[in-house]
Each structure stands twice: as C-alpha cells, then as structure tokens.
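Here the chain labels run A, B, C and D in written order, and each chain numbers its own residues starting at 1.
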Amino acid sequence: MMKLTRSLLLSRILSSEKLLVGKVHDVQEALCLHSLLSRAGMSTTGQRFGAGVIHCFFSVENPVPRIFAPYSIYKGKAAVCVDPILPTFTKMDSGHFRVDRKGCILLTFWPAIGERKYDWGKKQVFALSATEVGSLISMSPKDSSEFFHDPSMKSSNAGQVRKSLSIKAVPDANGYFISLSVVNNLSKTTDRFVVPVTTAEFVVMKTACSYALPHIMGWHRLTNPQLGDGAKKSSKIDPQLLDLEWDK
Amino acid sequence: MMKLTRSLLLSRILSSEKLLVGKVHDVQEALCLHSLLSRAGMSTTGQRFGAGVIHCFFSVENPVPRIFAPYSIYKGKAAVCVDPILPTFTKMDSGHFRVDRKGCILLTFWPAIGERKYDWGKKQVFALSATEVGSLISMSPKDSSEFFHDPSMKSSNAGQVRKSLSIKAVPDANGYFISLSVVNNLSKTTDRFVVPVTTAEFVVMKTACSYALPHIMGWHRLTNPQLGDGAKKSSKIDPQLLDLEWDK
Amino acid sequence: MMKLTRSLLLSRILSSEKLLVGKVHDVQEALCLHSLLSRAGMSTTGQRFGAGVIHCFFSVENPVPRIFAPYSIYKGKAAVCVDPILPTFTKMDSGHFRVDRKGCILLTFWPAIGERKYDWGKKQVFALSATEVGSLISMSPKDSSEFFHDPSMKSSNAGQVRKSLSIKAVPDANGYFISLSVVNNLSKTTDRFVVPVTTAEFVVMKTACSYALPHIMGWHRLTNPQLGDGAKKSSKIDPQLLDLEWDK
Amino acid sequence: MMKLTRSLLLSRILSSEKLLVGKVHDVQEALCLHSLLSRAGMSTTGQRFGAGVIHCFFSVENPVPRIFAPYSIYKGKAAVCVDPILPTFTKMDSGHFRVDRKGCILLTFWPAIGERKYDWGKKQVFALSATEVGSLISMSPKDSSEFFHDPSMKSSNAGQVRKSLSIKAVPDANGYFISLSVVNNLSKTTDRFVVPVTTAEFVVMKTACSYALPHIMGWHRLTNPQLGDGAKKSSKIDPQLLDLEWDK
C-alpha cells in the first residue's frame, strides 16, 4: 500500500499542470537517478576489491548490459568515484525517440574505516546534472563551486534530507577539496566526506566529464538513433525505483 | 498550384547558374533546415510536459528514427532549447555519399505566458550554421555576437522577415543574455525573446556545440560511412517542406 | 613502361634500408595521399554546384563508400576546403591491423575566375600531417605557421615542385590569411592562392581538425577494430596512384 | 615450476586483504599492461620499416583483432612512440561488464644506433595511468612532470627496477624534452633515452591523449556496452603474461 501511495505521488508530480518546470530536472534526479543507483545490491558493508577494480555500484535489473568503469580516488579519510549515467530514451508512437530520464555524472563517496579500508555500506551519492557538470568543467584553478540537492523535493518529505557538494581550490592552488555533506532530519544523521584531489586527478575528472557531457544529454544518440542503450517503452515505470528512494 | 509555384521557385534557386555561392548555405538553412522543423506537429498552443522532458519539435516523416534530446533553459520571460540537426547525405552514382543538406544547431525560443507556463505555439527558431557555431564556441566571457538571417532570402519575399540573434555578456560577467528578434513585415508582427543564461548553462551550450560541430558538418560519418542517419536519394525532395516554409 | 619505372622507384623508396625515417611520412603524403586525391574525376574546368554543396574531389575506386563533407570557405580571390582523409589499414598475418597509409587533413584551393565563379580545374592541394595539424590547432590569435612540402621528394624530380602553406594572423587580430604557393619548375608555373578567413571560420577549422586528429592517426579504430573503413591487403598497391602523382 | 611460483605470487598480490588500494593500479600496470606488451614478438634487434609505418609492438594472442596506430617521433639519439591501450572488461554473473585491467597510454622508447637507425631490441616502455595522462594533458608551456614506476612493486623484486619518466619544457619554450631512465639492479644496467619534441608534436600528444583518456578509462563503452573489444571471462588469466614480466 505504501508502494501505491508513492506511485500516486510520483504520478501527480510528473503530470502536474502547475509543475515548476525548472525544477522537474531536480525531481528527475532525486527520484529516478539517485534511486536507480542507491541501494541495488550495495547493502553489504566492507570492501570489494577484485583485480584492482572497485565496483562503485550495481544497477537494478536492466535488459541492456551496463558497463562499470568508475574513476576512483582513494584518500586518507574517504574515497570518491565518478561515473557517468546515460539517459534513457522512450520510443514515441511516431517511431522516434525522446529522452525519458536524463543522464548525470554520479559521484559516490564512502568513508575510510581504517588504514586503506573503506566502508562501502556508508556511501552517499550526488548526481550532477548537465548544468552542474558545466560548472565543474569550467572551474579555473582558483574557483569554487557548491551545489545543493534535496532528494525528496516535491514530496511530503521535502527539506528533510539536504545534500551539499562543495568543490574548493586548495589555497596553494595544487588541487581541490571535494566535500559532500548529507544532513538527514528523518534519521537524525549527518554524513560528511572530504576527499582532497590533486590537479592531475581533477584534470581527469574535467576531461572525462567534458567527454561525458554530450552523452548524459543524449546527444551521442543523434548519430546512432537505433543504439540499444536504455531505450524503453514510456508507459513502463518500474515501481521498484520508488521503493528504493523511499527507503533511503 | 501554390505548391507547384513554390517548387519551381526552389528549383530555380537551387540550380541557378548565377547563384551566390557564399549564400547558398543561408538559402539552405532558410528554406530547408528551418522549414523542416518549423511547423510539423507543433501547431498546438500550450505546454508539453512529459516526465520532465519538453519536446522541442517533431520532425516531418523520416524513415530514420530521430532522437529528441534538447538542452532546455527555462527562465522568467522565455525559454530556449538547443538541438543539433545532422546533415543529410545523398548517395552518388559512384556509391559514395556527399552532404546534401547541411546540419545546424537549432535554437528554439518560446515565450512565458504566466508563472512557469510557456506558449509553445508562439515559438520561433534560429538555425546556427557551422561558422556561426564557431563564433559561439569561441566567445570569451566578455564577448558579444550577433547573427542575422533572412529565411526568405533569394525568394520574392526577401527582406520581409528579418531574424537577429544576439548573445551578449552580462556586464558583471556572470552569464549572457541570449535574445532573438523576429520582424515579419508580411504579418506585421514582431517577436522578441530574451533568455538570461548562467555561465554554467553557457558552458554546457559551448561544450555540447563543440561536440556537435563536427557532426553537423558531417565529419562523424567519415568513420562510419554506412550509417543510416539521414541518407536519401538526392532526387527525392519532399514538397511538403516547401509548404511549411511558405506558410510560415 | 613509364608506369613500371615509377612502380620500381616507389618500391625502392619504400623498402630502402637507408630510408630517412623521419621523412617517410612526407613521402607517404606526397606520393600517396596527394595523388589519391589529385586528379581522379576532377579534370573538368568549372564549378560543380549541387544543392549548395561543392564536391571537393572524388576518390579513386574504393570498395568502401567514401563520405564527402568538406568545410568550404569562398572568398573574393579564391576558395579553400578542408577535408579529413582517414588512414588505411593493413591486416597482418596475425589477424591484427596496422596503419598502412597515414591520414591527413587535405586543404584544396581553387581560384576565382569572376564574380563568385571558381575554376575547379586549377585547384591545388596540400595535405597536413598529424604534426602539422598539431601546429594549426595550437595557433593562438597572433601566431603564424608555415609548412613546406615537396610532393616529389625522394624521386628524381625532387625539388622540382615546391609547395608552401602559410597561415598568418591578420594584424588587427580578426582573422587569418591562409595562402598556398605552388612553384612547379617542370611546367614553369607558379600558382598562388590567398583566402582570408574570419576568426569564426578558423575556430571551425581548429575544432574540426582537433576532432579529426585522432581519426587521421587511426586511433578511432582502437575502439572499433573491425570497422570496414579503408582496410585492405597490404600487398595490393594500386599502380594508378603512381600515375596520378607522376602526371601532376 | 617457476611459472607456478609466479602464478601464486600474482594471485597473492591481487587478492591480498591488506592490499594498498591506491597502489593496485600500479601493480596492474606493472604486472599486466607492461608485460602484455613487453616482449611478444619483439625480441629481434633492428628496424621494422614497412611503407613508412613502424610497428611499436605486437600483442600476445587475443581473439579480438588489435589496431596498431602509434604516433612516432624519431630524433637523433632515440625515438618514442605513443599508443593507447584499452582496458579489458569482464562479464559479471549479472550480465553486466566491469573494467578488468585498466587501460593506459604506452610510451615506447628505443635508441638510435647510427644515422637514422634504431635498435628496436633495446626498447623500454612506460605505461601512463589515467591520472598521469591528466598530468600530461594539463601541462602548460613552462611546466615539468616526473613519474616513477616500479614494475616489480609488491613482488620480492620490489625496488630492483626503477623507471622514471620526465617531461621538461625546453628553456626557450619551443618544445619539451621527454626522457626515460630505467635502472635495473638485477641486470646491473641503466638505460636512458632523451627525445626532444617540438611544440607541435607535443600538441598532437596532448590532443590524442585527451581523446584517448575516456577510452583508457573505459567510458567509451558506456555508449556501446556490447562492443567486443577486449571483453573476456574474469577467471581466465593468461599464465604467459606472468612469464613475460618475470623474464624482463
């Protein structure tokens, strides 16, 4: 029943005539992108090291195989990995396709729990929209950026969870501090992660995000309209997605 | 009969021996690209919101499925969306392909008609050529650009509709004003749209347009000559395209 | 017999033990790339205007369809078009592929012979190597570059034809002059073309050439090793190529 | 038996619970990437010139055809070639793929042994990780970078072979010196290569490496998850790889 309530809520949000258009994207991110990735198969605590590769996450069931190729940065107090999430497309009655769920660059943070040990179970995610990626890739060595997300925006829990991502140049200009703070008034918890990144690591992030930007916007599909990545029927909304976000 | 007149007109334009070569591109844009996109399926007034995605336009019938992945910016007085349109190719008798109709970056503007309500029926479009995209992507934070188009250029209506697109840095250097003005002497109307964009939004536009530039030039096809996107027989000109432009 | 002589000459050049390695590329360009494109189907004088597209050239017979998508700039005295030419690959006995003939960015110039009329029959070409493209794309608004080619280098006609391409910033920094000079001591002719290009046009050239650079190097094939573009058996050298260069 | 010992060693390294995560990448590079490329088919001394293309290396047997498209720079004392190596992917039980062995940009140096003669048998390689590529592509005209690798790190031979790559701007800012030094305490040998590169050559390296960076990270696969390049079953580790590294 809980599930039904949430489905109705989402339906109301997405079809609202009075919908704040400029904020639809945030709802999209908050409800869909975050939730898609937030808990599926990632509830175990501990590290997953295999042949030098750390899996950032596993996706929910998806007929199209996914690729996990995160760029990971491990530092003393916490780690962060950067992963592009492609948009999904809906086939319209005309036979054409439109973007259904927007893509993003997903940042996943998790804390160190000892020397070179990280607790995957305590991770938090932050999904950068195309415009936020625009901010990141245009940062000069002395710039700072800060982004705020409310994953429950537009729901009755609006304002209960506040996430802020901060990217600040280190004073001597040899790198950046990337920090995520998540204040959850429902669970009365606050998580804070700080990962210092070198200039070289930040250049990798910027170069890779610049490459990914047209892809998360869906523009890569213009030249390959029939690619199978993520296209689905528009009427099929996976109710499990709602649960995932709700449970978070 | 009207249709026939226009077909003859277009034929005369496109095959003219005295054609101003440097302006062919403008005619191409004005007659073909603009018209391709201008009215097909977009005559209803109002908003189209679906799962957070606004469709900028629907194309005329096309055997190759199209992808709609506009980058949209909604502001208080108006909205703008940015969409790459790929070139079409013609197969030559030799079996090789050449660009038939050039690609462009299509900017579509439409006005706000209330708080977060936009009137899709009053939209206007402006198709940036490759060289105009070159201007846009090379703009530094203090630059301004202005472009002028005459969609009826080379026809008997030349000069009757004047479009000008202006991109101006905001004095304090934290963004740009993107303005479109359309003066139509035939219908005695003037439309003007102003959309303020942030630096981050402009970076997304520049990065995505830089990515798209080789594609609208057709260079992406060099590595995939047999891609099916938009190739067609050169002799087949859709007469409906002429109607669309004429009616505008 | 003439043909045979030239074939032997080329064989000797290409298999020479004492070959000047750093210059092999020039021979490649001079003998293969230039000649591939120099005369095939382009001997008629006059203009070829079709639906607003000027074909820069037609290739010699090739089982893989080619794409003609030149970026053309028409000015008062001359025109230039920019076209990427992909490398060809040879399948080795191991089943792997290696670059056989390097790619280039081909610049084709042709003179104006009246108001907006150009003489395609008097064209001249200049093939930029990867490193020369590196020079071009790194030019700042006040830089100049000059390149020299000898299409007959390493043959008995070495030094008889000298080509120089010059790219010079216009003093007021609002564009560039691109000039090609071809001095042919065999035919006692000198051709000189000057095309002024705007900053926006030069940005298009730089952006498109930056996009094309990894492709002319063959790096795009790394991700698609089985693409059919231009792979051929290494032992098959088209003798017609030699004729074309010789006749020039 | 030797082979078995080494297999066990590698297994221990790769599955170690106390593994220094931040260094796993180095082990990866040192053990896998270097060794993949180090000796297979490259043990003969001398030059391999074919139609102007020098093969930098041949890979070990691989069901997916590889492409050899190195960017080579030949100078008086030594030569260097730059080659991207894609990551390999492992299909997981879920049907999805994850990066198995990371990609890199491989630099191969070999010395001149006479006028325009190079000794391929004395080559040395250095594999740049994604982050090291980030350093390289962000170098301004006056910057310098230095990288240190230990190909035997984590093995009992740790510290016995030390490689350092240095990229230094030439004082008058018209190029760079790229130097590789390999000190091998086991064989009591020291190899040192210095290749001066021009600004244009360095721009090609930077542009091509920027293009390649998302590919060596595996992000190109996001849009083509089913591409066949390098995917393999995770359990199949080629024991020959171990031999290659051990013998080096």
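Going forward, a residue touches a chain if its C-beta (ideal position, glycine included) is under 8 Å from a C-beta of that chain, and two chains touch if they have at least 3 such contacts.
All figures in this text were calculated on a predicted structure; none of them were measured in a lab.
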Neighbouring chains shared between chain B and chain C, ordered by label: none
Equivalent interface positions on chain C and chain D, same or different at half: different
Chain separated most widely from chain B, comparing mean CA positions: D
Distance from the mean Cα position of chain D to that of chain C, given in whole angstrom: 32
Computed distance of Cα centres, chain D from chain B, in Å: 46
Residues of chain D engaged with two or more neighbouring chains: 224
Touch-based graph of the chains, sorted into line, ring, star, complete or other: ring
Chains that touch, pairwise: A-B, A-D, B-C, C-D
Partner chain C, residues of chain B touching it in the complex: 14, 18-22, 24-25, 27-28, 87, 89-91, 94-102, 130-135, 137-138, 210, 213-214, 217-219, 221-226, 234
Chain D partner contacts - residues on chain A that touch it in the complex: 49-55, 58-59, 64-69, 71, 74, 84, 86, 116, 118, 198-204, 207-208, 211-212, 215, 220, 224, 227-229
